[in-house]
Amino acid sequence: MALNEKQKRLCQENKTDYSDIKALYINCTLKKNPEKSHTQGLMDVSRAILAENKVDVENIRATDYDIPPGVWADMTEHGWAADDWPKIFKKITEKDILVLGTPIWLGEKSSVCSKIIERMYGQSAQENDKGQYIYYGKAGGCIITGNEDGIKHCGMGILYSLQHLGFTIPPQADSGWVGEAGPGPSYLDEKSGGLENDFTQRNVTFMSWNLLHMARALKDNGGIPAHGNQKKLWNAGCRFGHPNPEYR
Amino acid sequence: MALNEKQKRLCQENKTDYSDIKALYINCTLKKNPEKSHTQGLMDVSRAILAENKVDVENIRATDYDIPPGVWADMTEHGWAADDWPKIFKKITEKDILVLGTPIWLGEKSSVCSKIIERMYGQSAQENDKGQYIYYGKAGGCIITGNEDGIKHCGMGILYSLQHLGFTIPPQADSGWVGEAGPGPSYLDEKSGGLENDFTQRNVTFMSWNLLHMARALKDNGGIPAHGNQKKLWNAGCRFGHPNPEYR
Amino acid sequence: MALNEKQKRLCQENKTDYSDIKALYINCTLKKNPEKSHTQGLMDVSRAILAENKVDVENIRATDYDIPPGVWADMTEHGWAADDWPKIFKKITEKDILVLGTPIWLGEKSSVCSKIIERMYGQSAQENDKGQYIYYGKAGGCIITGNEDGIKHCGMGILYSLQHLGFTIPPQADSGWVGEAGPGPSYLDEKSGGLENDFTQRNVTFMSWNLLHMARALKDNGGIPAHGNQKKLWNAGCRFGHPNPEYR
Amino acid sequence: MALNEKQKRLCQENKTDYSDIKALYINCTLKKNPEKSHTQGLMDVSRAILAENKVDVENIRATDYDIPPGVWADMTEHGWAADDWPKIFKKITEKDILVLGTPIWLGEKSSVCSKIIERMYGQSAQENDKGQYIYYGKAGGCIITGNEDGIKHCGMGILYSLQHLGFTIPPQADSGWVGEAGPGPSYLDEKSGGLENDFTQRNVTFMSWNLLHMARALKDNGGIPAHGNQKKLWNAGCRFGHPNPEYR
């Protein structure tokens, strides 16, 4: 198991029931299976914390799927030969927690991560049964690794997008690992220091528990109350068929 | 009153008691009183929504205070002649909601906004009575105006910082107004279109209600549960006196 | 022709010979041909200025090519079925000017633009005949459109990446168009105001001329002098086969 | 001297005359003199390279000056008691190279750095004797240190602003140092590894030489040619007295 002693003990001492919570982790590495993803290494710590608490955790790697770019629900209607996105979107709608994992390249989140966010954005005009954006009532977080710097910058873009789409962001919902400036081992490499980095391990632990706390609270509350945040009631002159998802 | 018909009706139809909630709005305009702040114009819409719901709302303009830069609780101990920050920090700790307002200059949040975030960061090593970061249990949002573009970019930095410090970010916690690319009127100017911009008015409304919903839920829940997120218990080898607040 | 009267006059009054300059414009729209790209509309203004000055201008749309994500020169060696990137990379190496065009989605450059930058980064360890990074001696710029805001934010990431890879960034090398906050027409739509927006048209003009000036100066100078910027001579302990292109 | 053997040798082997070049380094640390600035430590390497090449180098610490926030040339005309900015602006206009140094706090450049950029922006409507923006013909770069991550993110904002204001950005014009994620020593601390970090030392060297090369080329060329980039000739309907400097 990926957990250290402190992480295990926190799971053992937990008294809250999370067995009705579902979580999806999407690894946005650029690498194709079966290449090793260092980002997955840190995602596995968070997944293990949730799984130890009996959360139903699913983990996918975006590059295992055929996902064209675009901002529409099904890109086969817009000139692309295939589109696995509808399957992934369905998974997201069924979960209570979403965690996006990404490597850092040139200081930025991966293009695969950007594409996943664009596709999620493409469906932001859809509503839940309360008339709120479809992603309301879910908790979101992110996990970032690299051997160059940029954890916080990548976190800014990802968490901003998630809250803008309707997710709730609990405290300290980002965690990551980078080495010292310059060449060096990646997270899962021997002697990277990543697995023993107390700061990284603490942050991924706090993040995981705060996602649990927030998902529990949102589920017990029936999501975000439906007042003052329903688009149809506001009737902002939605423009169906508008290219920008927010304005449809 | 700053509210339009839709905004007023939502307040009238509310059935939840928010009279025990306290909110602080900090306007990070570069302008000194009594110069007109356009950002304040949009902040006033959000404030009015909260006030209509009997929230105790306080609004301050950062440039009315003498706040040196730095990452320590009281900069008079680090070479500066005066420091009003302790007064503002006390206000923040007593509130349930914090909203930072900022203008956009060269595509970025104002230096005054950056300074406020740095000073808040300076106290991130302090804990609440559960042993969590001092800002846990509070809801955060932001309001941004400019006559050049950058709402989302400014929102990314501000909301990231708030969640990293311990705030919870409810859905759609950012709102703003900018005009078309290039010269033109500012938000409060006649014929800017800002006051009638349905998108801006909708977003500031959704933001305000979501801050109310989240503050209500956090207060009713007793904040974020204290498990898996307490620094002392984790004991990450805090280094007292470290220049970086996160590592103290 | 896409040029207005002022833009045409500047071309007519030019006395410098640019007929040996080559430029590549890469449109990073998410849309597949033959869907209309608004970003192309603004790119066409800049292209026309260069073409009027007898520059050899090539324009491609990234989604017309099969380009997998990754940070290696040829991704068919890393598990992908096809890879058109080598063709595009060859074009870049043969040009003096590179302009990346991107739409804005959720405040960010497109995932297609991120992917192009990652692929360019993948070859940053290659050297020109002076032992400098392969992209030294070229001038770079960007063009951004959206009906939501984010020109400057997208410009920050793109221009940063280009200079980090070795391009020279002349003054005011970004230009763009966005409408007022909220729903509205896109750049090429009737009544968008984009084509008549003097600020946008001025910026795209200044950008185009500054790219011409810089390409001319670099070509006449024989590129950037080779002293103090040659990797092998510095011998930074390059690690061949390292996943991060900068460290290879 | 702050230079290592490789850096010294490059200076010794130089054959180009830079004795007519002037450079200004502005350290945007939050710390007041005489507190030690780690950012200054890395800036000193770059300064030493230029000084060894007989460049006239001036280095100032922004917190030694009384600089109010704002976007006007002299903030004493806008309600502030004192303003040292005009002195600093004069220095900038007299130099060929500007390097901004900043620490990283919460993943962002310092508020002091933001303020300096805002003040520079405040004078972007001024013109040089060719009718171009006042900053045309100068080369710009940045130096960033922190014990948390964010070099590239800070570089994006700073270099974007500089090029938008009229500076030319040569290749690889950013350099920095950060340690591994989490608590640890700062750049100048014993055992930080910063002074021996080959990647950091290489980047600051390449940056310094590229600033020299670009300043030399610009000076020999008489700056950026004056065609297609003169505001009055374009006559974009400048609005004198407009709060946004770009639109004045």
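Letters A, B, C and D name the chains as they come in the text, with residue numbers starting at 1 for each one.
Note that a residue touches a chain if its C-beta (ideal position, glycine included) is under 8 Å from a C-beta of that chain, and two chains touch if they have at least 3 such contacts.
Quick caveat, the model's predicted, so the values are computed rather than measured.
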item	value
Other chains in touch with both subunit A and subunit B	C, D
Both-way neighbours, i.e. chains that touch subunit C and touch subunit B	A, D
Centroid-based (C-alpha) most distant chain relative to subunit D	A
Fraction-based call for subunit D against subunit A, same above half, different below	same
Geometric centre distance via CA averages, subunit D-subunit C, whole Å	24
Interchain centroid distance [CA atoms averaged], subunit A/subunit D, Å	37
Chain centre separation (subunit A, subunit C; CA means) in Å	30
For subunit C, residues that touch 2 or more chains besides their own	106-107, 148, 152, 155-157, 160, 164, 182-183, 198-199, 236-237, 247
Residues of subunit D defined as touching subunit A within the complex	106-107, 148-153, 155-156, 176-183, 193, 197-200
Parts of subunit B lying in touch with subunit A, wherever the complex brings them together	6, 10, 13-14, 16, 49, 132-133, 135-136, 152, 155-157, 159-160, 163-174, 198-199, 202, 205-206, 208-210, 212-214, 216-217, 221, 224-225, 227-229, 231, 234, 236-237, 247
Subunit C-touching residues of subunit A, taken from the complex the two chains share	30-33, 35, 63, 69-71, 78-80, 105-112, 114-115, 117-118, 121, 147-148, 157, 160-161, 164, 182-184, 186, 236-237, 239, 242-244, 246-247
